[in-house]
Amino acid sequence: MCSFDYQTIMSISIYGSSVVLMLLGLYAVLVKKNLIKIVIGLSIVDSGLHLLFVAVGYLHNGTAPIFSPEAVDKVNQMVDPVPQALVLTAIVIGFATTAVALSLVIRLYKHHKTARIDQIKSLKW
Amino acid sequence: MKRFLVIFLMLALGFYLIQALHFVPFGANRMGAPADKKTVAAFYLNETVPQTAVANVVTAIVVNYRGFDTLGEVTVLFLATTGLASILYKRRDEEETERVSKPSSTILQTGAKVLFPLVVILGVYVFVHGHLTPGGGFQGGAIIATGFLLMLIAYQKYHLSHSMLTWVESLAGILFVSIGLWGLITGGTFLENSWFPKGTLNSLISGGAIPIIYIAVGFKVAAELTGVLDILLSTKDDKSASNIQQ
Amino acid sequence: MFYAGIFSFLALLLIASAWYAIRQKDLLYGVIATGVVSLILSVMFLLLQAPDVALTEAAIGIALTTIAFVITIRNTERYENDKVESGFQNKTKEE
Amino acid sequence: MMPYLAYFGQFLILFGSVFLFLGALGIFRMPDFYNRLQAGTKASTLGVMSLILGVGFVEPEWLVKSIILVVFIGIASPLSSHALGRSAYKNNIKPFMKTKMDAYEEVSQILPEEEEKV
């Protein structure tokens, strides 16, 4: 079916691992009952998405998009800088959302004395 | 039952994701020849050095071409800090603010005192050289916040002046917006930096206003992340929580 | 071919640590496993020629996110109890 | 003169990687937490320090930065291992049963609880 050459192994490992990370995180978000586990799942979804973005921008045998004094004219070999800039902002935003979610978890725990979502029945807090 | 439903959903989603990614070969040239300037990435790669004289293309995109994006992101960070403080609000006059962490040993305190300036200098180095080497405001700000985290953990009564954090953050934000508005007045677009001398490529003073903006972003991010960690660490320990821990 | 071996090994390690982070009942171990996920991810970013992203992931993903999770676990509970009945019993015992 | 410095740097890199390997082996072989801690931090501290110094000798432009890094690691790594061991002791993790002496117990009985100084 498919011969295991360089291209196939690389695409299977990178794309496959990012897709599996996203699915694992989504599984944790949907199935788990503990609130901290849900936040862990959200951060794992974030990680998989970042890996997918950077992998789409990769160029075979490319170099990082930084001009050094020796290689000013290496434009043809540089990887795509746009997904890197997007992911750079996405990581920082991911930390901010994670911190806000964790503070909500702390607040809910202080009020209900439990961190399981099926035991938190009242909507007031 | 629910678990099997979720696993079925996962399988379907994974199938469609893999089918979509099957047509994106890994490592293939998706930009075309950059000299043609047909794609966005080729435009950035070709025009960064003549227009801005910045060696790091990612810095040029983050600060200059997509400067609005960065401004919005810094605003999101500020809003996250504010939301965190309002969620975990605790009245100051109720009692002395006490940390979650336990008192640490003398060795850790002395070592933290030695290591803290080194960590802060590393962060400042990273965001001052953001236009030449990998790094920049976000990374440097995060490293400085890590240094403050070390002090907050080692010393239980380490006092962070909140008015100082507020001042640093506000002044950095005002600097960023005012440079952008000055570009709007003189050049016609927000964050236009043609009014500033460019300098030569690969030297410390190059890139016009880009290093100044990135330094401002670094100070702002450092103040915000330090504020987040300080608020998270100074939430009071309930008795029930400590009972479960023991 | 050398890079293909490194990448497949790192991908296996990544998936294994994410699986461990989700399956583990002790939440502190799970949080450390998410830190390991971030560490491997930052090495992969470096190999994918994205040093800026690798530096950001190393500073924020490994240090700050992990410490935020640890502080939250310190403030709430450490073990995830799966059964509904045992959870209610624990609650009644406390009260 | 220059090639000898490069050879010395490569020898240092080899030396450091051997010590890193021994540290990783010690984590598998040692019986309890404290032995693993000292295998994983002492050996790998020496390994990482000599490896970074070797890189600095091979590339003479990076020598100053690598010396700064060696100083940083020389402070930070013992500090982190001290914090790990102390918190493990405070959380009542028992040492290996063949351990003959527990010096910290005697010291902590004599000394009062450590007061923090700001």
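Order as written gives the chain letters A, B, C and D; numbering starts at 1 within each chain.
Keep this in mind: a residue touches a chain if its C-beta (ideal position, glycine included) is under 8 Å from a C-beta of that chain, and two chains touch if they have at least 3 such contacts.
Everything numeric in this text was worked out from a predicted model, so none of it was measured.
Chains touching both chain A and chain D: B. In terms of C-beta pairs in contact, the better-connected of the chain pairs B-D and B-C is B-C.
With centres defined as mean CA coordinates, chain D is found 31 Å away from chain B.
Annotation: 21 Å between the Cα-based centres of chain B and chain C. One finds 16 Å separating the Cα centroids of chain A and chain B.
Centre-to-centre, using mean CA coordinates, chain A is 12 Å away from chain C.
Among the residues of chain A, those touching two or more other chains are numbered 10, 14, 16, 20, 27, 55, 57-59, 62, 64, 66, 84, 88, 91-92, 95, 99, 102, 106, 109-110, 113. Looking at chain B, residues 56, 58, 134, 136, 138, 142, 225, 228, 232, 235, 238, 240-241 sit in touch with two or more other chains. Annotation for chain D: no residues touch 2 or more other chains.
Of all possible chain pairings, those that touch are A-B, A-C, B-C, B-D.
Note for the complex: chain C touches chain B at residues 51-52, 54-56, 59-60, 63-64, 67-68, 71-72, 74-78, 94.
Those residues of chain B that touch chain D in the complex are listed here as 102-109, 111-112, 114-115, 118, 155-158. Residues 7, 10-11, 14-16, 19-20, 22-23, 26-27, 30-31, 55-60, 62, 64-69, 72, 75-76, 78, 80-82, 84-85, 88-89, 91-93, 95-97, 99-100, 102-104, 106-107, 109-110, 113 of chain A are the ones touching chain B in the complex.
Chain D makes touch with chain B in their complex at residues 72, 75-76, 79, 82-83, 86, 90, 114-118. Chain B makes touch with chain A in their complex at residues 2-3, 6-7, 9-10, 13-14, 17-18, 21, 24-31, 33-35, 40-41, 44-46, 48-49, 55-58, 61-62, 66, 69-70, 73, 76-77, 80-81, 83-84, 87-88, 133-134, 136, 138, 142, 201-202, 221, 225, 228, 231-232, 235, 238, 240-241.
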